[in-house]
Structures are given as structure tokens and as C-alpha cells.
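First chain A sits with chain B, and in the next complex the same chain sits with chain C.
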Partner chain A sequence: MFTRNLRVFFRRYSQTCTFRTSELSPAQHSENQIGMFYTIDKNLCKQLFGHGGLPKSYMKQTKTFTETTLMVRLPALDIMNCIKNTDFDKPVVRYVLYGEKGSGKSLTMAHLLHYAHEQEFLIVHVPWVSEWLRRVPRHKEMANSPTREGFVDLPLDAAAWLLHFKTQNQTLLKNPDLKISKEYTWSKRESTAEGAPLLELVELGIARVKYACDVIDALVYEIKLLSNNKRCKTFVAIDGFNTFFYPLTRLRTPTKRTVAPEEVSLTTSFLTLTKNDWTNGVVVVTADQLAVPEDHQESYLPKYLLYKKGFEHLDPFVPIEVGRYSEREFLTCASYYRDRLWLRGPSELEDELKFTSACNPYKFMELCAPL
Partner chain B sequence: MMGEDPETFTQKDVDRAIEYLFPSGIYDPAARPLMKPPEEVFPNRKAAEFDEAGRPHHFLFYTGKPNFFKLLHDAAETIQTLYKFEDKVIRKKEIPDPNAELELLASVWITREELEQSLVEKITDLEYDNFKLVMERIVSLPYSYRCKEFIEKYRKPLASQRFALEIPKPSYDQDGRAFITTYECLRKKARGDVTIRSPGTGKITINGKDLTYFQDVQSREQVLFPLIFSEMLGKVDVECNIEGGGPSGQSGAIRWGIAWGLRSFVDKNMLEAMQVAGLLTRDHRRRERKKPGQPGARKKPTWKKR
Partner chain C sequence: MNNIRIALREVIPNRLRTTSRNQWPNLTQTRFYARATSFPDYFQNPIFRKEDQAKLIENNELSKLAAIPVKPPAACETSSVYYDPLVNKVINHVMKMGNKQLARSLVEKAFENIKRKQIERYHLASTPEEKAKILLNPKDVLHRAVENCKPLLQLLPIKRGGITYQVPGPITEKRSLFLAVKWLLDASNDKERTVHFPEQFAWELLDAANNTGKVVKRKQDLHRQCEANRAYAHYRWQ
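Our next item is the complex of A and B:
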């Protein structure tokens, strides 16, 4: 009796509230749900975004709200539609998300990741490229690559990414079809045999941090091969992709020489993944102003951010702009904040907030925080 | 002098001549050379206070501040006469004339400095408070209108609302929309002009960009404040061209420009409210110059005992 009442109550609630959709599967989202929020399951969220993927400030907010919700927005729906209608026998289609700072590129990508997870894509997701190339904590592990001359390895970052890859594709990696095509010899004693499962390769990379970068190289090669052979579909998502093309990184070799991004072995691996010489996959990258230093933030357009080199590397691609909130999106967002008791006060507040934040999602979030 | 007709020579001409003959780069205008009648330059002095026998003229001389206490004395006397008058009227069973009541909303008591100047005596804060107390007492009496001149002598009118008279009529463009342009919106080092179009949709254009021209929230709020205050947000379009200065100066200039332009589109009550809110007041403050011998305009070097 009690549970029924509760169920009725919840149904009433979901009917009355206009900012939340009960459609939890991104594949089912359509134009009707634009501007509405949907909740991601807690465990799934941990699995997909446990090692990054959601912006830090957004993570904080989800912790406050005790739920992870994403707004269904047009750019994500557009890409989903495109993916649905893609012929997977053709070379991969590359989508570039671009937009002003804080307009929701990363969250659009998060939405797409959820979609990809649901559609059983093999997810290759780089949460934030600048984490590797631009962020230099006190002890950044760096080593000259033992296998490739003149390259720099970031073994710890690579291992962390492998762990991320493993958690994101937990279920898919158990699939016995995903096998290695050739034998890899790491050292005299260590090698991975031909026909071993992909998971073994990944675990080796995590356990033997020294080889992590080479493992990633091999992994990329194998994933491309597997996709070509129709063993799996692959969804490549790289946030802050334009960092790969900014002429300098903030890394320094032990001899104090600054490192160009091409010289980092991780860069080459992921750049081969974004070429369109393979099939049965989707590539989504973002061009973000925040991923490059301030001297190169004049425009948010991909041509400017990716430089000529990156533009030619990606060309042809599908540019998708992530814009500011529309009127409706803004109102649903405001009512969501009100529902979470995050925003209080008179209703004229919304008008003012709309103008002060200029409908920029991040700015709006920032402004609401102290209210 | 200087080819001018001495018959129609005014103070203004004198000032101009002095400025020409004694050019001065002194920072403080008050310290520059001037030529004015001595009454304007030097404050009044007290007249001789004793007769031949050496006795003071004034009966309150030994209070030390004869003029001030004379004023209080007069006030007390006024109160007494008013009381007496009131008693008389009550005995006749009449009521005070409601039409003759004093209009005190448009004026305020003169300040302490002005009172000092008119009395030619220094007075303390406490004495000034006493003065105000006594005057308020007189005003609160029902027949205070009978001593109107006495009260008026110590009141001055509030700042006149100059703008109320000269609000420009908006012009109309091809689309039939009313628009008004305010030129010379100044604040700190920023200069610009603001155009307001009504009716509009709330679009704000600053140097061809929207409100994101300003990065920080405070500047955006500054720009929006007059619109929010006058409840015109979303009803008018605003276009600004602004240059010079930094974000806060530019936003302040735009704020004033919008408020000044909005006068043509709001009603009188709102106009007064805007005036009270300080939206129509120009902010003339500028950067204060650095002084030699100290690190900033006011900042002094760290004090060290030895």
C-alpha cells in the first residue's frame, strides 16, 4: 500500500515538473526533451566518469545535489541522430564540438558517452588532454621512450588512463571476441601472446607502468583492427583536443628542454586514432579555449583553435556548435535549481540572472552558487 | 583692462583676466591667484563689543557666545508666545488654520558651518544639536506658521531638481521606434555614448558585443542596474560605444548614460526614485595623484620607531 502511494506520488511529481524527464536512456531522447534534465544512475556515473570526464565544478554540484543530472541539449541530440544514421562501413566520421567557454562542451560529451555506453560502443575517452600536456604537478613522471627514439613517455598518466579505459569498458572487455592480433614483446621475460584477450594487455599496462605508453600504442592499433574487423564498435571521445596542436607543452625533459606535443608518445597514439583510415567507429573531439594558454584564446572557432595542422589533420569533420542556453533551457535550468533549493528568492531573480549570466551555463551555475 | 569696457566689467571677466595674467599650474584651484571683494574672501569679523565705559553692548556677552545664545533665547521666547496664543485660541474654542501649515518637506535645517557663518561664532556639535532640538520644538507646535520668517531664516531648500525641466523628447527612427542618445557619458577615464531604443527586447550592445563585453559580474550588474531599477529590463534596447578606462569606469559610464537616457521613458515618480537612488548623479571622482615622499595618494611609508 505504502509503496503504491509512493509510486503514485513519484509519478505525479514527474508529471507536474517540467524540467525533468523520466526518460533515462539517452538513445530515446528526442526534440521533446530538449532542455530537460535526466538522471544518470550513480553506479554508471562512477563507472563512466569515475576518473574524470565531468568538469570539477560540475562534480561539486552533483555532490551537493546528491544526483548526477545532465540536460538534454540539441548538439548532443544532433550527434546522436548522426550516429544513428551513419553507415559504419565508411571511414569514421569526426565531430568537433566547439563553443564559448563554459557553454557545456564537456557535458555534451558526457551525454554522448552515456549514449555510447548504452549502445555498447567500446569507449576510448580522454577526459582532458591538458591534464597530460599542460598540467605539471610537483612530481610529474617523465621518461624518455625506450622503444621510440626522441619521444617522451608519461608513464603514470598513461597507466591512469588505462585504468580509466578499463573501468569504462568493464563489461565489454569481458567479451572473448576481443583478442590481440600479434605478439608483443615488452622485455626478455615479459610478452603478451597472440590471441590473448585485450583485457590482459590493459592490465599489463596498469601493472607495469613502465610499458604503459607502449601498451596504449598497441591498444590503439588493436582497437582499430578490431573495429575494422567488426568485432566491436568504437567511440572515441577526446576533450580539449586542440592541446595536441598548440606548439608547446609545459613539460620539460630532465635536461630542461621544453617538449613539443608531437614528441609525447601519447599524442601520436591518439592522433592515429583520430585519423579516418579506419571504419566502424565514431570520433568526437572538442576544441576548447580553456585547453590552451591565454595567448591563444581570442576566438572559439575550431579553425583558430586547432591551428592549420590540426585542421588539416581532422579535415573533413562535422563542426557542431554548443551554444548558450536558449530561453527555454534557461528556464528549466532555473526551475531545476529551485527544485534543488539551490536558488531561492523572488521570481524576478531569474530575469536578472539571465541577463547577468548572458545565458552562459557555467556563468549561471557560478552565479547561483552563493544565492 | 584687456580691452574690456570697465562699466560692464563683471567678476567673470576679472577671473579670466587673472587667469591670463597670472597663469598658475598649482594643483589645487583654491590656491591659485584670485581677485575678489574682500567680503567674499575673508569671513565676517565681530564688530566692537564695548562702549566707552568698557561695558559690553550685548546683554549675553558673558555667556561667551552671545549671538548663539541670543538665538536660543529668541527661540524660547517664540515658543512662549506661541503657547500663550494657543491658550487664547482654545479659550475661544477655535482650531488652527489647516491651510496655513508650514511646508517643510522641500527644505532642511542649515548645516553647522552655515550657522557658524551667520552667527560669526564657533559652536560645538552639542550646541548645534540643541539648536536643532529647539527649532524642531517650534515647528512641532500647532501655530508655528505664525513665526514663519523666524523658521525660514534657518532653513535652506533641497537641491533643485534641474533635470525635471529639461528632459529631452525622444526622436523617432525609420521603424517608428523612439530613440534617444546620451553623449558624453563619463566616468573615471571612460568616455562614450549610449543610445536607448524603445520599444525593444532587452538587447544590450556594447561596442558591437553583447553583455559578455564585460567579464566580471559586477560590471554587468552596473550596466543592468538602471534597467532593473526602472523595471525597463526587456522593454528597451541599449547600444553603447565606449572607450578609454577600465571595466569599472566603462560600466559606470554606461550606467549613467542609460539612466540619463531613461528619463525620457519613465514617469515622474520613477524619475524621483531614480534621483534618490543616485542614478542620475554624475560621479566626478578621478584618480588621485600620487604624492611625493609617500608611496601612494594617501598611503604613508610603514612607520618604524627607529
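Our next item is the complex of A and C:
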């Protein structure tokens, strides 16, 4: 009896010690920390993910757990290693994260964003493409593009994104090196002069919502130019990238005509950013089943999700699979949940949960909820 | 379809059937009955919990049961660590038109809500004594809530001399459990249209576990009524 108690005690102790890592900087994470959780500072979290970036269900968890933690997992480490060894004079390398539903693609991306922020990359992050193309609230602001014939603008979404961009790169945008290469004329009275800081362009887009889409277009062009000239290095992260290639969006013009994704001006801007005709940058995108409607969710592999068009657009890219939890990751996650009071009860519960959730991270979280 | 299945069952041997029907073996129990079955009286209820089985073995009662026919356990009656008969009972009370999946998801959502609220309270509490008082396990909350809602007496309508009297009397354990669960559900269904059931149910359970709220008041009202009608108590036997 005594030895058993002792054994249980030691197991508890080792669990409490090993599920958390004190290494808060993602650049320092290594294979030793796989499966462990690290905490993101609250203010930084607000800055990086204040306008989206973490899934909604995860935001709920962070509120209950009173902290934002991420698990260090192999896919993120792999990409970080690749970035460290990249020659930035060569054209950008594109990484595609793929995996089953709920396996943690978005959270892997969050981890990478934290890394990019720390390495002082200029972050161009789209939290969820479907938010623009597939989610249609009652009053979706849409307009025909004044500058480009046959294109549709989403001014409100574009302005919201510009705000997101501005908050994510608060410190970097103050850098006086980031200047505009040419003059942009928006209307008779409004124009942005050559050599004005990049921040001015962004703020104009936020203030004058009408031009937000054109501002994004200009911004993308400028960012590419600046990175080519080694003024800054750029980290592009787009979640749910395959929505750009699904044949239809749920948008409708005022004349009830359905809109294809390539007719939306935002799509064209971000597709030029994912081409590899520029240098000094990193592109990470995800191919997600949840980003497209149910009739196109048969497989989670990028070739199926991106269609031929998207595949050829990204080719050559580095595919990185985000898989289910390994044995070790599952155990640390369970002990983390136990620490946060999310999981309670006898230890046989873990075996059952492992079986029923099939080690899928999201399923596991869901199944723990009523326990 | 069922008839064909039964015909098949007789023709095809057992092993062949499982492979031909489906690519994956069935994980849940499936039974092929032509129609809703009622087992004869001498069929025993199944003993599906490991603890109960261990108790049987300990008391040497297993050999008695070995020769008696036993009903198959229902799909929800499992030997999982998570299984709780009271929770199952509540789920069955929530269920409408046999849609158990929905009922179960609703109750589990309510549990999740309770858990989130209690954890939040736990983090807000400053002293360890306060923290120890908070019930974190939603199942414990449910058990306590039902315990607090169970009435001890009931009123029976009894007709004497052309007048129906509400006569207080004792209540069986089973009926008091039924009333407690029914009242809890009545209270949570009496809500604004915009509030979801799991949310309201969670609030009711938390209130009842705290010995406050609509349901506990209803129980106390019944007790008060019984107390007021005690003069009629003799009608139970006269």
C-alpha cells in the first residue's frame, strides 16, 4: 500500500514537472521541449491575436484557464529550423501546413507567428480567409471596385485587416526605413506622396475605408519591394488558404450575381504575395478542410484541397503535416488539463479518452469538457 | 430491411456477416430485432459494471446467475469510468422522441457550462478555504442539486364524503427522484426564448446545489402545503 502511494506520488510529481517549459522564447525551443506547454505573455497575445488568429474555441479555453499557452510541437519546430537555415537571397520558400480537422494547424501557425514576431519579421497575417469569402453576415459591405474593372471590393473587411496588420507590427512600422517607392493618387484631393512612411499608407486605408482594398494592393506591392531591397524581412501567414481556390464564394453582387474568388480584389493582392517572385521572406499557408464547404472535404491532403490551380500556384512548396498527438504529447496535454482543473477523475479516464478521441487534439478537448 | 437481415442471419454464419456488412467492424453493440422487444419476466437485468461484477464474485452469487437468462445491456450502459446512472436518468428525462444523441449533447453542454463557471469562481476565490468549498465536478453539482430538490412528503387527492382532500403522505424514493428531476427540467424550460437550454439548466443546477432557487422553493412550498393539510392526514386510512 505504502509503495503504491509512493509510486502514485512520484508519478504525479513527474507529471507536474514535465508538462510546462519555462522557455518562453520560441526561437529557443528544441526537440527536448516537444509536447510541453509554454505561456505567451498577455500583452503580446493581445497584440498578435487581438483581431483573430486563435480559433474561437481556443479563446474560450484561454479564458477558463486564465492564461494563453501553446504546445511546442514538431511541425512548428521543423519550420523554424528551416527558416533558420534559409538563404534569404533566394526566392521565398512556401510552406503548406495540412492535417485533419482539429489537429492544430492554426495553433501551429500561432506558434510560428510568435517566432516571427520575436525575430522581427514584418508579419502579414490573414487570420481566416473564409471570414472574407464565405461568411456573409446580414450586412456585408460590398462594392464594385472603382479602379479595376470587374472586381469586387470588401472595404470593411479590408479596413479591419489593415487594423490587424497595424497592431501586429506596431513597433516595426515606426522604423523610418520603411518608405513608399512611388506616389499613389486616390482621388483628386487625396494622394500619398513618394517617400512617405508605410504607416501613413496603412492609416489612410483605415481612415478612408473606401480605398482600403486599393491600399492593401499598394501595401503588398511595397512590402515585396522593401523585402527585395533588404529593408525588412517579411513573414506571410495565411490561414485557410485553399478558400481562394474553391470555385465559388458565398458573396453576391447587388444584381444577385455570384462571385468567383478571383474576382475579389483581396484575393488577387494576397495571391501575388504568395508567388515566389520576391526574396527575403517566408510564406506559411494552411490547407484546411473547414475553410471550404462540406462537399469538398473528402480528404485533407493539399493536392485535393488546393485544386490543380492552387497547387500549381504554390508549386514548389514544402508540405508539413500537422498530425494527431503522439503518446507523449497526449500525456502532457492530459496532465496540463489536470493542472488547469479541466480534467478530473481517476487515471483510467485517460486511457478511455485516448481511445475515444483517437488522439485528435480538438476532439480530446471537447470530450474533456463535460467531465 | 429487417426481415432480410433476419433471413440473412439464419443463412450466413456469424463470422462472414461481420466482414461483408461493413468495412470496419462495428464498435458499438448492435442487435437485430424485428420489432421492439420485451423480454419475459424471468430475464434478469444485466450487471455491466466491473465493480458490481466483482461484488458478485466476492459474495459467490455468480453461480446462481449463470443459469438465468439475462437481458442485453442498452447501448448507453457501459463499463466506462465516466458512466453515472443518475446522469443517464437525467438524459432520459431530457430526451424527446427518442433522440438520445441530442439529449446527451444538451446535458453535456450544461455540464461544460457549470464547469467553466465553477473554475472561474475557483480562480476568483482568494482564500484556500473558499476554494475548497467550490464544487468543481459538474456531476457532484448534479448529485447535490437533485438531493436538495427531492421532496420528503407528497399530497394525494383522496375523496371522502364527496369532497376531494389533498392528503399528505409519505413518498417513495423513486417518485421523489422523479419529481426532483422533473422540477429541475420544468424550471429550466421556463425561460426566455433567446436563452439556450444548457445555459439555463446549468444555472438551475448551480442554484439547487446551493440550496436556493426556484426548484428548492417549489419543494419547500410542497412541504408547507403538507404541513397545512396535516389535519386531513387521517383520511389516508379512514
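Keep this in mind: the second predicted complex is superposed on the first by the 355 of 371 C-alpha atoms of A that agree within 3 Å, B and C clash if a C-alpha of one lies under 4 Å from a C-alpha of the other, contacts with A are read in each partner's own complex, and residues count from 1 in each chain.
Following the convention adopted for this analysis, contacts are C-beta pairs under 8 Å (C-beta built on N, C-alpha and C of every residue); 3 or more make two chains touch, one makes a residue touch a chain.
Keep in mind it's a predicted model, so treat the numbers as computed, not measured.
J.: Quick one: is A:345 in contact with chain B, with chain C, with both, or with neither? Answer first, second, both or neither.
T.: second
J.: Who wins on chain A residues touched, chain B or chain C?
T.: The partner that reaches more residues of chain A in the superposed model: C.
J.: Which partner chains sit in contact with A:370 here, chain B, chain C, both or neither? Use first/second/both/neither.
T.: Touch status of A:370: second partner only.
J.: Applying the document's definition of touch, where does A:43 land relative to chain B and chain C: first, second, both, or neither?
T.: A:43: touches no partner chain.
J.: Can A:255 be said to touch chain B (first), chain C (second), both, or neither?
T.: In the superposed model, A:255 contacts neither chain B nor chain C.
J.: Does chain B (first) or chain C (second) touch A:64, or do both, or does neither?
T.: Only chain C; A:64 stays clear of chain B.
J.: Looking at A:360, would you say it contacts chain B, chain C, both, or neither? Reply first, second, both or neither.
T.: first
J.: So chain A touches chain B in one structure and chain C in the other; where do those two contact lists coincide?
T.: Overlap of chain B and chain C footprints on chain A: residues 352.
J.: What does chain B use to touch chain A in their complex?
T.: Against chain A, the touching part of chain B is residues 202, 204, 210-212, 217, 220-221, 224, 228, 233-234.
J.: Provide the residue numbers of chain C that touch chain A in the complex, in ascending order.
T.: Checking each residue of chain C against chain A gives 80-82, 107-109, 111-112, 115-116, 119-120, 122-123, 136-138.
J.: Given the complex with chain B, which residues does chain A contribute to the contact?
T.: 100, 351-352, 355-356, 358, 360, 363, 367
J.: Hey, which residues of chain A end up touching chain C in the complex?
T.: Residue list for chain A touching chain C: 60, 64, 66, 340-342, 344-346, 348-349, 352, 369-371.
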